[in-house]
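Some structures to go through are shown next.
Here chain A shows up in two complexes: once beside chain B, once beside chain C.
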Partner chain A sequence: MEKKVLEVLEEYCEEALDYTGDNMMEEGVIDSFTVINVVSELEDVFDIEIDAKYVVAENFRNKEAIIELVRQLVED
Partner chain B sequence: MKTDFRRVVIIGYGKATGEILKYTADRRADYSYTLEFIEHEPHALSVTKQICEERGIPFASLPDKRELGDYFGKIQEKTLIVSASNNFLFPAALVERKNITIINFHNALLPDYPGRNAPSWVIYRGETRTGITWHYVTAGVDEGSIIIQKSCEIGSDTKAHELTETLMDLAYEGFCECFDGVLQENAEARPQGFSPERRMYRSSEIPGDGFLDINEPPEKLYCLLRSVDYGKSGIFPPLQTEVAGKQAEILRYRKVAPEKKKEGADMLYLPFADGELLKIKYRLL
Partner chain C sequence: MQFLSTDFVILWVISFALYYLAPKKRQWMILAVASGLFYVAGTGGIPVGIILTGAGAYGCGIYLARSLEAQKKALSDIAEKERKKAVKQGFERRRRRVQILYFVYSVGILLCTKYMVVLLPFLQMLGLAMPGSDAFFARVVMPLGISFYTLTAIGYVVDVGREQCKAQENPVRLFLFLAYFPAITQGPFNRYAKLQDEFEREHVFDYERMLFGVQRFVWGAFKKLVIADRINLFVGSVFGSVNGGLPGSIYALATVLYMLQLYADFSGYMDMALGISETFDITLSENFKRPYFSRSVAEFWRRWHITLGTWFKDYVMFSFVMSGTGRKIGKAAKKKMPRMGKHVTGIIGTMLVWLLTGMWHGRTASYLLWGVYYGVIMCISLVLESQYSIWKEKLHIKAGKVYGFFTMARTWIIVFVADVLIRSEGLSQAGEIYRAFFADFRLKEGILSVTDYGLNRYGFLLLAVACLLWLAVSVWEEKGKDVRRTIAGSPVALRWCCYYGVALLLLITGIYGGSYDTAAFLYQSF
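So, the complex of A and B:
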């Protein structure tokens, strides 16, 4: 699963793969428009629904947070 | 550089607003205006507050319309209000005040597509070009004289959120080009020529009336799907549809090559004329 998430990030936001901090939004690594694409692709790849309540900066602070979000939604 | 404006107020949200904030903050060194930012419509992924903190720009969150109106009403100095991706309608009494000038960014080429959600309507209507307009604000919605316009193409796969992003970039570009002229009050503005067919798009209107008829050609359905696609922003409610006599709502869609077809629950594959497939995932209600 982790590999697939990283592949999605590589396609839409390669900089996120090397980012080691904990606030990609504020630091300009990822913007709200890229988040839309990442969310759409993750939904398609994992056949999950990512509700708007999860689309917040906290869940996109780094690649680990995105992987954790997807993990939770897949397990649900 | 000289301006009589003592105060610049930015109101809005999104990418263009953030860039304009940075730009106007940097230009304080050229003109001696004070700068402030108002957030009227909070956004989950907004970084405008952080930009304000970093650059020492006063930040005020005023989600209440009356409070916001009072805030503007108290302005005494000669002030430029920059409305960028802002849905607050400035009252006529404010617009007509001598000490206040308001410029607004509209996400279409005025006089066409005034009102709300213009990127959606241009996609839905099958336009191949659109753009942005910076104009002076008057009492009528999106009716003021045009300061600058920038245009772009609309691709055959462009989604509303992608077009919005392009328009935000154009808005920032246009703002930088006209800012000095506006501040120095020598920007050449031309009145809009209104045709009798001019139609105002309202926030309550949804392309296709929010219903996706799966019996329509896939090309038309794809147009409708792209026109309301703003990701999770909730600008429009999910499109409704009917599958085998049952009500359903659209969850997501995608154009896929035939070899990528994977059957799944609550999924439709509709063939385009060119052989590709429109994949639609829905949820029965």
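So, the complex of A and C:
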């Protein structure tokens, strides 16, 4: 699963793969437009629905947080 | 009541003293009373708007919290997965309906009050409204900061529904969140979860913090009185010129100065608001991060009025894109256009946000056009972003200081074009100004007549000195330095030279009184 998430990030936001901080959204590494594309792609790849309540800076602070979010939604 | 008034300073000093003398568990009450006084004194009448909006938010929050609790209880009794899903969807649907109802209710109040001010004089002319009702409405009913607390209240209701915060059981505490006096007139927009934590903490007096807060307030006043209000003498004279026909070079200078005025005015207000709040040990969100150092328009808007941008992104854009309608549009677009389809919902969401941002800032066609302009530029730049690196490689452009400056200058030009729209007295004047830039620039005449528009050569000189000081501080901050701490840690003589220097500049060169209204902040009219 982790590999698939990283592949999605590589396609839409390569900078996220090298980012080591913990606030990607505020630091402009991933903008809202890219977030929408990433969310849409993750929904297709994992057959999940990512509600707007999950699309917050906390869940998109770095690649690990995105992987964790997807893991939780897949398990639910 | 305005920040730059004796009444406000008295309120600030008294509430500050009582705040640190009061029992720690009761400190929030001092802030609630101060906010109430600020609000009533500010409107001079009955705070009808905030009572209606706040009461609705309070009731809605309680309903949502009860519904979430009931849902958890109901789900714990069901074992079957499909049944669980159906019950959950039922609860969610009811909560969504209540949230939509609250949205319509609060925006309805906002629109009624905003447009009633425009409508009443016409109704009076037709004999459908009592004489003097417009003045009564504007003074008594038209609520202070209604745009700000309406969006803040909607954010609270959405956050409770999304389980990002707990509903507030105490209506006075909720009132404090909505009407916290440093933030009520122009923001920053606060998130309930963050600000509530700040209000609930116990606050101990700290001399350095108080000093830093006052310093920030004075710095904000400096930007407002020395820079923004001085620029206004020139900009007001140029754009207010009844006959028009001025050289394009004068319009160009006035627009550049207006860009600085708007920034100095609004960020100055924010410095004052954050400084006041800092003295109470309440940290508000930063609203500006040196936007004119941005290398793209998208970055500019991530650094300008940050909390408004985040509000629209979280509560409008993501809510739309991840709604049932947004998903349907996205899926259909992907099917029809395999390459570009993935961008469709993002484009619609971006345009929606920018149309609303334009409408939020003003009621005229110029603001609507301003919103469309930024929306289109954002969409184009975001869609083409992936192509930029390819073009840069083909054109052998290397990232460096020259390219960095080019990208900054490009951002300034885009903002420059937009600011003509919102500063002009209507679309026809804006059109005339754009034409003058290209067909009637008259540079020499502009240079020779530059001191004829409300600002003499000493005024320009003072403005240049103040702007250089502002630029130096901004460059310092951009490099990650904490200016206030650096100055506080410097030798005593140098430190007090800095403090007295800024204070003297403010007292001697600030634009005060007379026919000019120092209290009116530009963003207050948005």
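Heads up, the rule we're going with is that the second predicted complex is superposed on the first by the 76 of 76 C-alpha atoms of A that agree within 3 Å, B and C clash if a C-alpha of one lies under 4 Å from a C-alpha of the other, contacts with A are read in each partner's own complex, and residues count from 1 in each chain.
In this text, a residue touches a chain if its C-beta (ideal position, glycine included) is under 8 Å from a C-beta of that chain, and two chains touch if they have at least 3 such contacts.
Just so you know, these numbers come straight off a predicted model, no measurement behind them.
Because the two structures share chain A, they can be overlaid on it, and in that overlay chain B clashes with chain C.
Contacts of A:Val56 after superposition on the shared chain: both chain B and chain C are touched.
Looking at the shared chain after the overlay, A:Asp47 reaches chain B, while chain C stays out of its contact range. By the touch criterion stated above, A:Glu68 is placed in contact with neither chain B nor chain C.
When both complexes are overlaid on chain A, the residue A:Ser32 reaches chain B and chain C alike.
Chain B is struck by only one stretch of chain C after the chain A overlay, and of the options 21-29, 183-191 or 273-281 that stretch is 183-191.
Of the residues of chain A, those at positions 26, 28, 31-33, 35-37, 39-40, 49-52, 55-56 touch chain B in one of the two structures and chain C in the other. By the touch criterion given at the top, residues 26, 28, 31-33, 35-37, 39-41, 49-53, 55-56 of chain A touch chain C in their complex.
Residue ranges on chain A touching chain B, taken from their complex, read 25-26, 28, 31-33, 35-37, 39-40, 43-44, 47, 49-52, 55-57, 60. Interface residues of chain B facing chain A in the complex, by the touch rule stated above, are 14-15, 43-47, 50, 161-162, 164-165, 230-234, 251-252, 254, 264, 281. Contacts from chain C toward chain A in the complex involve residues 162-164, 298-299, 302, 313-314, 317-319, 321-323, 327, 330, 334, 342-343, 345-346, 349-350, 378, 382.
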